[in-house]
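Structure first, then comments.
Going by the order they are written in, the chains are A, B, C and D; count residues from 1 in each one.
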């Protein structure tokens, strides 16, 4: 089941920081079947313009009880900037929920490591884990403006830490240092869930694989379809000549499956 | 001097009828040098989208004493529909004033014949003639909704008549009948200025050329540049193998110059 | 004439036939943009479509090219998937059985690196239940001839056609590459070599550079350009080929609206394929179909063939 | 390396040379989209631009094709102007004197229907004061060879080049048509025939159909496709030709932003021409130039030639 392609009504479009927006749409069918870590493909063009041509992938950040889903996104280029101009009351086509989300493992300590807007794919996961186990959330960013929604996370657990490179929120520092420290403190089995820049996830994976801690990562790739039709979203597998397809087999993978050497 | 290319602030965008809009922008440099019958090329795309690719030509409908110019247009396709979504406060690039407008001849009766939105290129002319001579305005349209701004014209002269095909405004009838009647009534020399659908202008020209009444017509053609660079806006000349270029030699021509047989 | 408005609405006939294969309508899903067929289930009513063309299969599985494999360009998409596929055996074994439930004719697209490979694949498909025709992608490099694409040399294109026709009784559609000086020359050769139909165009060879990282945007440097950007080139070639050969022509290239499809049908295409547009909007083929039907009703066109312009 | 940030801002060197002709920067106005030059005055500071390429001139005036001559396509423009021009004599007599006030080098674009016509035109331009180079459009039909374009046959392309070189001492730029199977073959022939530089691409052959009026949208049926839609094809061909010949290559096709131009310069183009974008935004060339200069400053690139990627 590749999801639903819905003409969704825009309920909210809020600018949270300089170029960071929260978009909420009515999409009950999608909401009902969303798993943490899944994403949607959003039509960004207006009036049948064919430039930009492709939809844009965004993680499902939040689901509301009233059939709404929200996206937390950064306007980085043509597509996301156009998206940020769409207004409440307008209709936008949304295809989702797509891909394989996080596989929740209960009865252990779950450590969520989010870098920058990578947090967009972690909120539903954090809410899910909160029900059933010990939850540690570590968030890192360049500065406070990059992560305007940290309170959504901090209210979920006492074990919440944020670092920024410029010290504008939480401690000044790197998320990998924070993780290292955390790993030294915890006892019992743990699992890592991470989403953020490739280099950060690579560092996280190397750090925890040495300790044999299982790690799930949420990856990005250029996508045309998001549903396994084009095979465009390939990334190299760790131990064979073949490729993983981010939209269908991912976006969440066991970090072991991924060939981390390339794409860095 | 091919005009000014100005990033103009949108002051007003009003829907006057189902798909007819009045757009007003701040463009003092253009306003200062506009002659009746000239046009502008307007950028319709947003955010560097390249689809649609070309600017759209629109006649300058009105000029304001405060440096503003207005366009009266119908949203017929992709470009004009996108234009109609642009809002006050947004910036839009406008190139103008372009082309050769109407050549005003004083000391005779001036008859303006407008068909549908063809009236968009006639208002400045009517205002100009009003200063100096006898002005007759004849307007025809399918229905009242097609010509939501007739009052701009009716207030300029007592000799104002409007006909619609469905009788929803003025008499029910065809503009050519109205013109025929008018020509029979007037005395002294007269001149015709017309803008509207090709078939109407062709009929008007045939009617008045028999009586040797000079006739100026405002023509349309697909345009890429509007300033004589591409030679795309050609229409056949009346008495040679060559072509007229609507954007540079027109849009207003002496009807005698035009080969009316084709393009009908 | 076309523009007469009658009072009784007609029910237009959209059925067509291609090399003896009857299709209920002329809107097909293009190879490489509808996966192995089932991926689209639920997003598109596969039973409504004229035909489904399975992604290109090779004799052995192919891993495809290294990423990045996709770049967006103005109104276009550049791809260098590298013909990743599971190979013909795995397809026949694992995918075909599931596909037999769909009522729409299945067409398999094949690619090879030698004439022998094309022959061998057509032979294996010959007996396969549920496969109604073969579309032969000749845009691939001919390894024996120094990597020049089969489809750019008229003689080689003809010999692939010969080989495939010898191997199977299934209708054969030869899919042409647009990267040639004279598309009609290739089309004529392929037609006289016995092709039942011609489809065109495959992608235009293009590239993009990532100026931020100062390297070609695709790992493979070159890629195939598809989407609305290429429509004018595709339509021109379809118009030319329709007037050069007597066999049916299937139009492909940048079709994303009913109007686009109507342009190809008016140019004389017997059918059309929807490629990139399906990636962006999975239901495109159905919407195109509805739009064609509406146009025919409004303009009182009884048979879809009558859309063709005379010139 | 390129990405080092230095504290002292550099002042980048944008000057280039093409066949002995020095240009102050690599941004030129493409033929057929800047009229006879003066039309753009006041909308663009002509003195700032690297070079101006006058619209295609023929030996006698040409009225051009019947309208419609233009159709917009997705991110593209189809034109069939039909090479309307005033003829070389009228140009030399009426337009050239006015153009001598501009400080920017003038390049004249010529077209012909026979090798003799090309020779004759190059001869007449040879002595003309103020003309710095000739760009030879070989996309035109060769009337003696049944209307096949000069630029699609390597031998004919070479003979035009030979003829023009014999006729004049001015630098000769041969402008290639992209409607060929192997652009490098033509480029190599033209280079060995003595061309000083190659420019590419001219327009892709395309068409559109007006489904409302049920006829080709252009009176001429076919037209030339230009604009952003063709950029990936143009860039691929420039990349290929740069690596196939030793003479300078000028990149053309869909350039409308500094980033577009940088892609071509990174592909190895010595210079770029702005075509359709000037029609839409007359100041494009100046903005592209500013953007290139800013990129070079930010990325500490001293000489515009260093933008070229190694591969």
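Heads up, the rule we're going with is that a contact is a pair of C-beta atoms (placed from the backbone, for glycine too) under 8 Å apart; a residue touches a chain by one contact, two chains touch by 3 or more.
Since this is a predicted model, take the numbers as computed values, not measurements.
Asker: Identify the chains in contact with chain A as well as chain C, in label order.
Answerer: B, D
Asker: Compare the CA centroid of chain A with every other chain's and tell me the farthest one.
Answerer: So the chain farthest away from chain A turns out to be B.
Asker: Decide which interface, B-D or B-C, involves more C-beta pairs in contact, and give its chain pair.
Answerer: Spelling it out, more C-beta pairs touch across B-D than across the other pair.
Asker: Please report how many Å separate the Cα centroid of chain B from that of chain C, as a whole number.
Answerer: 46
Asker: Distance from the CA centroid of chain A to that of chain B, rounded to the nearest Å?
Answerer: 54
Asker: With chain centres taken as the means of their Cα atoms, state the distance from chain B to chain D in Å.
Answerer: Roughly 36 Å, centre to centre.
Asker: Please list all residues of chain B that touch 2 or more other chains.
Answerer: Within chain B, the residues that touch at least two other chains are 48, 50-52.
Asker: Residue numbers in chain D touching 2 or more other chains?
Answerer: Residue numbers touching two or more other chains: 74-76, 227-228.
Asker: Graph shape for the chains shown, where an edge means the two chains touch. Line, ring, star, complete, or other?
Answerer: Topology of touching chains reads as complete, every chain touching all others.
Asker: With touch defined as at the start, can you tell me which chain D residues reach chain B in the complex?
Answerer: Residues 32-35, 39-43, 55, 63-64, 66-72, 74-77, 79, 81, 84, 227-228, 256-257, 276, 278-283.
Asker: Once bound in the complex, which stretches of chain D touch chain A?
Answerer: Touching chain A: residues 74-75, 228 of chain D.
Asker: Enumerate the contact residues on chain B facing chain C in the complex.
Answerer: Contact set of chain B toward chain C: 50-51.
Asker: Mind listing the chain C positions that touch chain D in their complex?
Answerer: Touching chain D: residues 2, 73-76, 78, 152, 179-182, 204-209, 211, 214-216, 221-223, 225, 227-233, 235-236, 239, 254, 259, 262-263, 266-267, 295, 309, 311 of chain C.
Asker: What residues of chain B sit close enough to touch chain D in their complex?
Answerer: On the chain B side, the touching residues are 1-3, 5, 43, 48, 50-55, 93, 95, 221-225, 227-236, 241-243, 262-263.
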